[in-house]
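Structures for review follow.
Presented sequentially are two complexes of chain A, the first with chain B as partner and the second with chain C.
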Partner chain A sequence: MTPSTILRRHALAALARERTIALVAALFAALVLVSAYLGWSATSTVDAIYASATHWFEANGKPVPSNPVTQGSPLALLRNLTIYISLIGAFSAIVIGYRMVETDRRAGVLPLIGARPLERLDYARGKVSALALAVGGLAALAGVVGAATLAILPSVHLGPGDWARLAAFFSLGWLYMMTFGLIAIGASARARSETVGLMVPTVVWLVLTFVWPALTGNILPTAAINPISALAPAPQSTIFDLSAMLLGPFSLAEAYKYLGAELMGYLPDGLPPRGAVPPLVVMMLFAAGSGLYALRGCLKLDMTKGGPDA
Partner chain B sequence: MPDLSAIPTIALKDARIALRDRFLLAATLALVAAALISLITGTVAMRTDVATYMAAKQQLLALGKSLGSIAAPEFYPLKLMRGTIEQIEIMGAVIALIAGYRAAVEERGRQTLALILTRPLSNWQFLAAKLLGGAGLMATALAFVFALCAVVLALGSGIGIGANDLLRLAITWGASTLYLSAIFAVGFGLSLWLKSPASGLLYAFALWLLVVLVAPQIGDTMDPDNQVAGGVFAQLSIPKAEQTRIKQGFATYETIRNGIEVSSVTKHYERFTFAVLGIKDIYTGKALGPIWADKKGDAWFLILFTLGLGGLVLLRPIRADRLTKET
Partner chain C sequence: MQTDTPAVSTRGLTLSYGDFTALQPLDLDIGRGEIFGFLGHNGAGKTTTIRLLTTLMEPSGGTASVAGCDLAHNRIALRRAIGYLPENVRLYDTLTTRENLRFFAALSRIEDARDRVEEVMEFLGITDLADRRIATFSKGMRQRVGLAQAIVHRPQVLFLDEPTSGLDPMGVRQLREVLERLNGQGMTIFMNTHLLSEVARSCSSIGVLSHGQLVFHDTIETVNARYGSEEALEELYLSVVPDREVAA
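Up next is the complex of A and B:
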């Protein structure tokens, strides 16, 4: 067994014992179920509104427009998942990444690991691979609940292409959550206090989710919590054109929501991404950058400090 | 009669520390930055609307047509505060949580809590002082935010603001102070009660997610008009009277949706401030009297929620095994 495998197993075992992690994971699972219900409930309501409106159109001799809910993909039922992954999923990944290093430090394990003939790179590999598995578990959980919901609903019929898109959506969600988990590993490895280790990734996440989109043209912060409003086009203005061009490539949350909407089939027709850089490239660059940050943090980690007073 | 002089002493000590270590400055700057970004982007969007209207007007006049075909828009500067209020709801709440955490950890971390409790001082007096200090901190930071917003509104909207607008901003400042003080109490209480203050902060963040984001999000996305880009009624081009008739058929659904929304204090804060500032169209240009009559329920919820949370923190005794940073 390689040193990084041992460290990965140890990190996952420690995570499994943590009540906080269990709580956050349970919250995430519950919200995935809520998302499925919301999608179904809201779609049924719009469908019923349409049926009611049809009578009025017919009675007034007007042409009946097509039903807005049948125009999109059935996967759009799960559109709220994009939001929950960007909120509670990203926060869960931050908590997992933060606890990954902090648990070792507080339990006094770090000096013991530092005394062993291990490379710091092994430590980094062990922690990052444990994070990838733990976050993968969250994404898989969301995937199973989402797929089961779509399979159970009688009015929803998915083809092989739809299932592939659903799998791609959860892979994208995994990448998004991983980015924040990696920032949390890097921050808690570098931080002087346990609070700073939690605060740094949380502030980065808050800024990217609620402040940055306001600068690129999605001017209302609460638009970030609605899957449809999050895709509102920027007001027609030279200033917003310029800010989207300059800041759009750094708008990770918008890139994720854009790609998520494209995969789940609820992206408004003709809506361009923010900035000239393709959203997938934005996400890959952020993931690579946060991976390097986590690696640097682990390589420079002070292995001499540990225990409750560290 | 208990000696209450210790309460202002401790509250002022907290204020002095916040000034000395620049936390007040950092918190205020963060809130100002978030609020101004929203206010300025809102102003840019409004000016774009004005320019679009003026261009359409010029075009119609050039063609010799009547201006009756385009409705002259009415611009209310306070409506531009919508993004700022939303930033206070979200980012302001995070700053309040951190301030609450900080107020607890500065006593636990420096072991001063144990020292203070050896003095002839009741637990509730100490806790009341910390809560008052936190409320003062929130009020000060928000006063800067609203003063700056008033200046930007006066200069940037191109319309100017009057005494009535300033009164509405002052009421909103009061409501915002109450809202952030309640969130401060959550951060402070959890960081004081839990085994490790960092765990307290973590649980506070999880609560923030549920109360500030998830509950309003569920209510918001259950709104059928938010399920289709541009709104379902607008997309189907259904006239207003017919919309009202159709909506009556979904009264139960709407009751459930509204019930989920109002379970969050954030929504009460939002509804009250949106009404006072005229952000919600039905309250635009309305006098404060009828607005109060309509929205006093939200205001009372906000007041009682804040007092209730403060009371909860005051009533819970400080545990002797939680006096240090880590146990």
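Up next is the complex of A and C:
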């Protein structure tokens, strides 16, 4: 076993023992279930009404219109997942990323690890790959719940293309959550105090989720937590034209919601992405940048410090 | 790896932060199989020296080798050859003794990690603690588990930073016996300490550091022949170490 594999396994085992992590993961799972239930409930209700209406139309010899559920993309019934992943999913990733390094520092074992025959790069690899697996577990959990919901609805029929888009959506969610987890690893590795280590990624997340969309497109915080209203076009004004052009390429949350809506089939017709940079490129650049930040944090980590007073 | 080279050798090893020099150019040779006692006041630079020699910190200048491995160019081999017990050692509180030791043994990349962990626990008399979580341990118990992680990979040179700090007299005695047994197996021991009595009883050579500068280095036989008693050793220490302390 390589040192990074040992560190990865150890980090995942330590995560599994942490109550905070279990709580956050349970909360994420609960919200994913709620999201799926809302989609299932709404669709089932429409299906039931449609069935009753169909009987009435047939009894009166009138033509039966098509089921409205089958008009749009079947994946759109899971649209609330986009919001839950960008809120509780990203925050879960922050907590997991933060604990990756902080667990070792608080335990006071960094000097014992630093004096072992491994490179700092091994340490970084171990922690980042553990984060990738932990966040992958969250994304997979959401994926299983989403897929099960779609599978049990009688009026929803998914083709191979739909399943592929659903898989792409959860991969996108994984990438989005990873970005914040990586920022948390980098911040906790570089911060001089536990508080700052958690506060930095949290502030970045709050700014990207609520402040940036308000600046680029007048998407107020209440609108930002709704999958549909978060996709409104920017007001026609010079200020928003300018802010969308300048800040749009850095609006990670909007890029994610735009791509999510595109994949799930509920993107409003003709809505352009915010700024000139394609949303996927924005997400890739953020992921790469946060990866470098986490790597640099681990490579520069002060291995002499440890313990709660470090 | 050469066996005729000193266990620890430094030439002009130094560490500076801006205008402050934490460690003046240090020239030191410690032979293989020695127990070296490193004395000095608080903030003298003893811990800094150990951190440099265990690769936890980068020196500002000079060269050093441990167990024949160059500090600058052969860090992984050097780390494989050393064991390190920091002052106030801490371990994963939520893990048991056995889990902690297996983790550090695996990181040290030894092949017989599981067997070796059992062997070390037996050697240190902590087998009864194997399945208990570290969080419930006293200082002395933690110190023994800390020592176990430091020797689990059979290092050639063992660095101990104030190993007797916070231990009761029985704990100090047990530690001394363990160190003598390890030394009897050929392990070189580099020990930072405040306790002159421990140096007089256990060490084969001593060095005294004052304000980042090595002010005395000789074998314990020479010291004993010259000064004759523990009181005289204390006189020697006080004569080479100024009475003021510096910040750590």
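Observations
Assume the second predicted complex is superposed on the first by the 278 of 310 C-alpha atoms of A that agree within 3 Å, B and C clash if a C-alpha of one lies under 4 Å from a C-alpha of the other, contacts with A are read in each partner's own complex, and residues count from 1 in each chain.
Here is the rule we go by: a contact is a pair of C-beta atoms (placed from the backbone, for glycine too) under 8 Å apart; a residue touches a chain by one contact, two chains touch by 3 or more.
Only a predicted model underlies this, so the values are computations on that prediction, with no experimental measurement involved.
In the superposition on chain A, A:Ile49 makes contact with chain B only, while chain C stays out of contact range. When the two structures are aligned on the shared chain, A:Glu119 is found in touch with chain C, with no touch to chain B.
Touch criterion met: A:Val109 reaches chain C, while chain B stays clear of it.
Shared-chain residue A:Pro221: touches chain B; no touch with chain C. When the two complexes are overlaid on their common chain A, residue A:Ala14 makes contact with chain C while staying clear of chain B.
With both structures placed on the common chain, the touch criterion links A:Glu194 to chain B but leaves chain C unconnected. Common to the chain B-facing and chain C-facing surfaces of chain A is no residue whatsoever.
Chain B makes touch with chain A in their complex at residues 33-34, 37-38, 41-42, 44-45, 47-49, 52, 82-83, 86-87, 89-91, 94, 98, 101, 105, 196-199, 201-203, 205-206, 209-210, 213-214, 216-218, 220-222, 224, 226-229, 232-233, 235-238, 242, 246, 249-250, 253, 326-327. Chain A contributes residues 1, 3, 6-7, 10, 14, 17, 107-109, 111-119, 303-304, 306-307 to its touches with chain C in the complex. By the touch criterion stated above, chain C contacts chain A in their complex at residues 51, 54-57, 76-77, 79-80, 82-84, 86, 88-94, 103-104, 106-109, 149. Put simply, chain A touches chain B in their complex at residues 20, 23-24, 27, 31, 34, 38, 41-43, 45-46, 48-50, 52-53, 56, 65, 68-69, 80, 83, 87-88, 91, 95, 102, 106, 194-195, 198-199, 202, 206, 210-211, 214-215, 217, 219-222, 225-229, 231, 235-237, 239-240, 268, 308-309.
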